[in-house]
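The following pair of complexes shares a single chain, chain A, combined with chain B in the former and chain C in the latter.
Take a look at the complex of A and B:
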């Protein structure tokens, strides 16, 4: 075996380097050096994003098990950037009493899931893919239960790990059927034996359920609300954006690389799940009063919109999907950062009523939240409008007019509940609004990055055309 | 000609700097920044003009139209796109000179006039924004870019007119200006869209094939565009915003109402002139009649106003109407045969910008000195303000059309054009010109002659009938008198510019020659107007004045109230439109539209309650749903296969 091949995987090597440095630092640092831990982690994560972006070549390794090209690398960089945002957001939480001593574990667990996601994106063999998915899931369970002394967090962790195991079992079951009917686990070999036989349909749905769990599509979404609400807010943000993004991208790749001959079948499956996801999630979201729980349902419906880009399986769909993920990432991270900031101020869960009159005491923070919610709702001229537009366009050009229409109606409903929060912040009277406070400096950096993204991504058309130039499809 | 972009960029940069950081700057720095950046833009404009006109004519005897910049900003179709760029043509270069010159004078003047005002930096930021928008308007390469900057001009004029935002009148005036011009712009936009749809381009020179097949569409589009222009140029009956807009600081009036915003409509018609003359001469004549009526109306109203800025405002309306008439009476594109009006209009635009700027700035100096707009607080000021007095007199002579001041030359060309269109039109405009001389000298005598208000007050104070000592009028500081002197010098000299060499209807050189009959009659009429004004107003309460006031009491009151045009508009909007159209629509919106949306919202809410029990929190149930979901999907798929 040629071990030098390992060094071709530049994103993974960079990630591993950061991982090891932080691990060593955790072991050796003490006293005042401990304070430098967080800045160091942020700097290393930034460097990691830069190194990841620098690689653009197309190649396969290990006999075709691992593939890399410009698009995959870009997606890895997006995930790495999202992790950087999550690390920035974690600062205050990591300095708090119960987490201070296990600060290092947070970075290590977070980066472990990132390694898993990298392999999910690059895997061209089901075994590697499965290992990637598991590597991305198990440490995440630890992160969800990171505040283990808090009842909610522990419960959320348990729920997450149990449903995760359940879905993994389903997926593995499906993969084993696929192996049985095609005789291979390599994507390139399997696609020649996929015919759409009932056994393969069965296997496909099992596999789809496994990834659908990670994307939290209805009906595989039930864990989402409980885990999102219980998990530490930083972890919720990470779950809702990075973990979801990696799973969607992986699903897209598997669909076009392996299940291409079954396009009719998987389009039907995705059709059903899209309609179910956005409608049910929207209906649920209206009734939520806890913002984190509300964001859980919002993220389910957003996942439905992302799937609109997947359904066509074409290159323009991939462009729309990646663009949507980037835009969704900055907006969602901004919302969670604001929620976390308020949480630290009031020392408790944020309800919609908590936000009443926030504008009077914290106008800047309110403005950021408004921009992010507007972007999520898809109001022009913010990036969210453009990303929704491209997603709809790709589904429309694939011939799903009715589906686009249903999604459009749901956009109106989603506008209603996003605006409920905006209304609470600006218009609702409140005797005792959240007092004025200053955000944690790291969160402020994160918010600046996010707001820049929300405003600029839509207007600067080169981002979209840049993604478009490297995307691929069936 | 790449430096032309700087002419636009400098005011924009200065706006951004002053707008974002102005509050942290001392007043002097902010003023210096705004003025210097505009001075640089002015210098560049002159350089551009020199380069452009000295480059010589092309083979066909015209100046080439240059496009140093043009980029597609928003592609809309195969041929249709919205472009942004810079177009240099004789009239746009001429406008660059006019705008930057007057704007620079206003910038310098404001250093003195606005000294110590609250919001000084904001004022300079808005001035820069306004200048930027106006410059962008004149160098637009296509009608859409023109529209974009046209609206920017509207916004920035709104900001400037409402500068004293604590004064209710100023707020009302700024709103009025914005709404009225915006209302007119609606027609402009419709015209642009029709034009773009049928011509397949927003460019000023549409392809020949489209022009041939357009039929009646092009005149309709051009007429709609003219309505937009009539709004900005304050043509009757859309003029109502301009007199009220005098609530802004006086230098702003000089900038907006003399040289820039109000001539935008004239510029628009001039820009589209080849299309008007070639394909819609009848629309051009409609413009002429509308302009002639406006000119007379405004001149009569100006005779009865007592607020000196209002007199100037109506005088502006009247003079702009002169320019419109001049464009409207064109019957051909050859300046020797029916195309003279184009050149005359542009010439008058140029000279009027200078002397009207001078009049407004002079009025500002007077208001600065006596702290009032009303003529009753003035009188006898010539002793106290010699520089203002002389420069104001020069401007009055120019607007009255007395040689050798610039107004004589341009007005003479307009009258010649009118006479060649029809003798009736010529006589009509000659009469308006005489009226102009009358009301301007009425204004002049009321301000500078007669009994001094200050001396009367002083006498009262000394005899003990008045408790506070009156404020003694004084000459303005140099920063205010310098622009007056410069503009007065320009007003004296501008008539001798061989304007036809630079601008003419078909682009070829045209030598201006004075038509002696027309010139003699118009000068005699103007002198008659001045003599009448002298008899009536050189002393307070002369017998002639009393007789005239008694005989024409009704008309004078009506003219003072501007023939009740504002009331007519209020009646139309408040009584007719609000009651007959807005109320029913509001009812429909509240009951039907909102009602159905409320119903939808209720339905969604109850559906939300319906799906809620699903989220039980029980993990076993979750797994069951998970599994049954899989099974349902598989069943659906197998059933479909």
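Take a look at the complex of A and C:
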């Protein structure tokens, strides 16, 4: 074995370096150096994104277990950037009384999940894939329960870890069937033996259920609302965007690399889950009063829209999906950052009624929230419109006209509940609105990055073209 | 630098300037400067366009330009105008200009109001200049969403309900529309989304046309107040602030008619020919039912909103007749109704601002109290019921003559039915005029009211001049839109 190969995995090496530096710093720093911890983490994360983006090489390692190409590296950079946004958002929370002493743990756990996701993306062997998924899930459970003194957080952690383990077990069961029918765990070998036999369909459904939990598609979504609501807001944001993004991407890769011969079977399965996810989540979201819970259902329905890009199994779907993930990431992170800011101001959970009259006291924050919600709803000229349009286009070109129509009708429903929040902020009267306040500086940086993304990603087409030029490599 | 791009660039600059403006004075300055500039630009464009046409330019679209935007998906930023779009641009900039003055004293949050107002107008301008399906759809939706905030925050009455109803119904329409657009693009197998090139290919299979024509037509028809999808319109107009009603009834509803003509019928000609009868029946219902509903209303804005349903129904009715005269009449009706209804809503807003009621049973003898506004109202009313000399007469005449000239029983019968709306219009207009303007003032409070201020007078005079100009000298409009209507129609009628 040639150990120098390890250095080809530049994103992972960069991540490992950041990981180790932060770990050492956590051990040795004390006193006022402690205050530099957060800026250091942010700078290192930025450097990590830059290093990841600079990598463009295509290669496989370990006898084909690990693959890297421009698309995968780009996706890793997206995930790293999302983590950077989450770290920025965490500043005030990490400075608070209960979390201050375990600040280091937050970074370490966060980066551990990121390592897991990197391996999920690059894995071309089911065992490596499984290890990646586990590595991405377990630390996340710790993060969800990070505020362990809060009853909700601990409960959310338990719910997350139990469903996560359950889904992993199902996935492992599915993988074992796949191994039994194909005799290999390498993607490249397996695809030659996939015929769509009943046992393989069963295996696929099990595997899909496992990943469906991570993506939180209906009917595997039941943990989502409670975990999202209970987890610290930063972690919720991370969970709803980065963890979901990695799982969707992985699913797409497995579908086209392994299950390609049984495309008709898996398209049927995904068809049903899309319709169920979008419709049920949209209807449930209308009834939610807690914003984080509301965002949980919104994210389930958004996952349904992302799956529209997957169902065609084509290269333009890959482009549309990655673009959607990027746009969804900036918009969703912006919403959660606003929620977190308000939470710190009112010292409690944010309800829809809390937002009443917010515009009169905090116009800028409200405007950011409005832009982000409009982007999530798919209103032009914001980026969400473009990403939704492209997703619809890719599904339509694959021949799923009726599905696109159902999804389109659902966008109207989703617009309704996004507008409910806009209505609360601008129109509803409130005797005691949230007083005017200034956001944490790190959150402000995050919001600026997100708003720039929301406005520019759609109008400047080069991001899409860039993704498109590398998606054919898959 | 293409002159058409200025129609999007100027509003974009205005948005930035408004964002930076510090006080009311600066906000007003930006709005007046921007909307005047846009008005001047569209007048210049009209004059230039007519002179180019008379010099023998026969290309279907002038000032065309195209930039690749999303290359992998064949999406371009293609712009170009024919006579119809030039006329619509002129109409839009007149309404935006007068709307600025109509909301001169609007409070609170004037700056935010104008921000959304400008975004709305940017969407409208963008829609009329673009010739690419994607870009058109994008601008179309951009024009819709600011309505929610404009009505919900600055409106009156049941504003939250109306704003939500309007937004959701229009967005539902645009969901249909998006299906239609995707169907057109993939059905034609084109490597471009440019409508002229898709129309030139003309190879969408008939069975696909039968599916996607109704979707597209209804998608635009919702905005054009097509029965039974018109129910957002009365509530929305009644609750919107003055200038938003003006812009919405005056321009936004025209987007529907324009889209039906330019996209649905132009690109799906065979289905348009075969399925037109369904929509002719629906639009006939719109025309008559809208007018009848207006009779029974007591709220001034509701009366005018139902009247808009009737008149916009006439636009769709005319284009479905597919004769050159009728379609010319449709475009004239769009212009005429846009100006008249803007005048109406402006006056209603001004009267409401004084009397604080829009109920016609509570007003009497306004002619003695506010003669300027009352005379303006009479003029608007007479124009609306089609008095010769005003724009309404020309438009309705052309529509009905064109419609009746179609040589079969069905078309003639529906034309006769639709013609009854002229009489009904006279009923509800004269009823209102007689009720609120004449007689002796009864309410003591009303006797203390004052007449129009300078900004209100300016708005009214501008619009009255436009309505009269269109009525007295309609020929230049016919010159302007003749080629455009001919080109689109020649594609529809094989």
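Keep this in mind: the second predicted complex is superposed on the first by the 471 of 474 C-alpha atoms of A that agree within 3 Å, B and C clash if a C-alpha of one lies under 4 Å from a C-alpha of the other, contacts with A are read in each partner's own complex, and residues count from 1 in each chain.
Keep in mind that, in the parts below, contacts are C-beta pairs under 8 Å (C-beta built on N, C-alpha and C of every residue); 3 or more make two chains touch, one makes a residue touch a chain.
For clarity, every value in this text was computed on a predicted model and none was experimentally measured.
On the superposed chain A, the two partners chain B and chain C do not both fit; they clash. When the shared chain is aligned, chain B comes close enough to touch A:206, but chain C does not. After overlaying the two complexes on the shared chain, residue contacts for A:40 are found with neither chain B nor chain C. When the two complexes are overlaid on their common chain A, residue A:53 makes contact with neither chain B nor chain C. Look at A:163: by the touch rule set out above, it reaches chain B but stays clear of chain C. Using the contact criterion defined above for the overlaid structures, shared-chain residue A:172 touches neither chain B nor chain C, since it reaches no partner.
Applying the stated contact rule after C-alpha superposition, one finds that A:284 touches chain B and leaves chain C untouched. In the superposed pair of complexes, A:196 makes contact with chain B only, with no contact to chain C.
Contact with both chain B and chain C is seen for A:416 once the two complexes are overlaid on the shared chain. In the superposed model, A:268 makes contact with chain B only, not with chain C. When the two complexes are superposed on chain A, the residues of chain A that touch both chain B and chain C are 416. Those residues of chain A that touch chain B in the complex are listed here as 158-159, 162-163, 166-167, 170, 196, 198, 201-202, 205-206, 208-209, 213, 218-220, 222-223, 225-226, 265, 268-269, 272-273, 280, 282-284, 286-287, 413, 416.
On chain C, the positions that touch chain A within their shared complex are 69-73, 134, 137-139, 141-142, 145, 148-149, 152-153, 159-160, 164, 167-168, 171-172, 175-176, 178-179, 182-183, 186.
Residues of chain B that touch chain A in their complex: 601, 604-605, 607-612, 614-615, 617, 619, 621-623, 625-626, 628-630, 632-634, 636-638, 640-641. Partner chain C is touched in their complex by these residues of chain A: 316, 319, 374, 379-381, 385, 389-390, 392-393, 396-397, 401, 404-405, 408-409, 411-412, 415-416, 419, 422-423, 426-427, 461, 464-465, 468.
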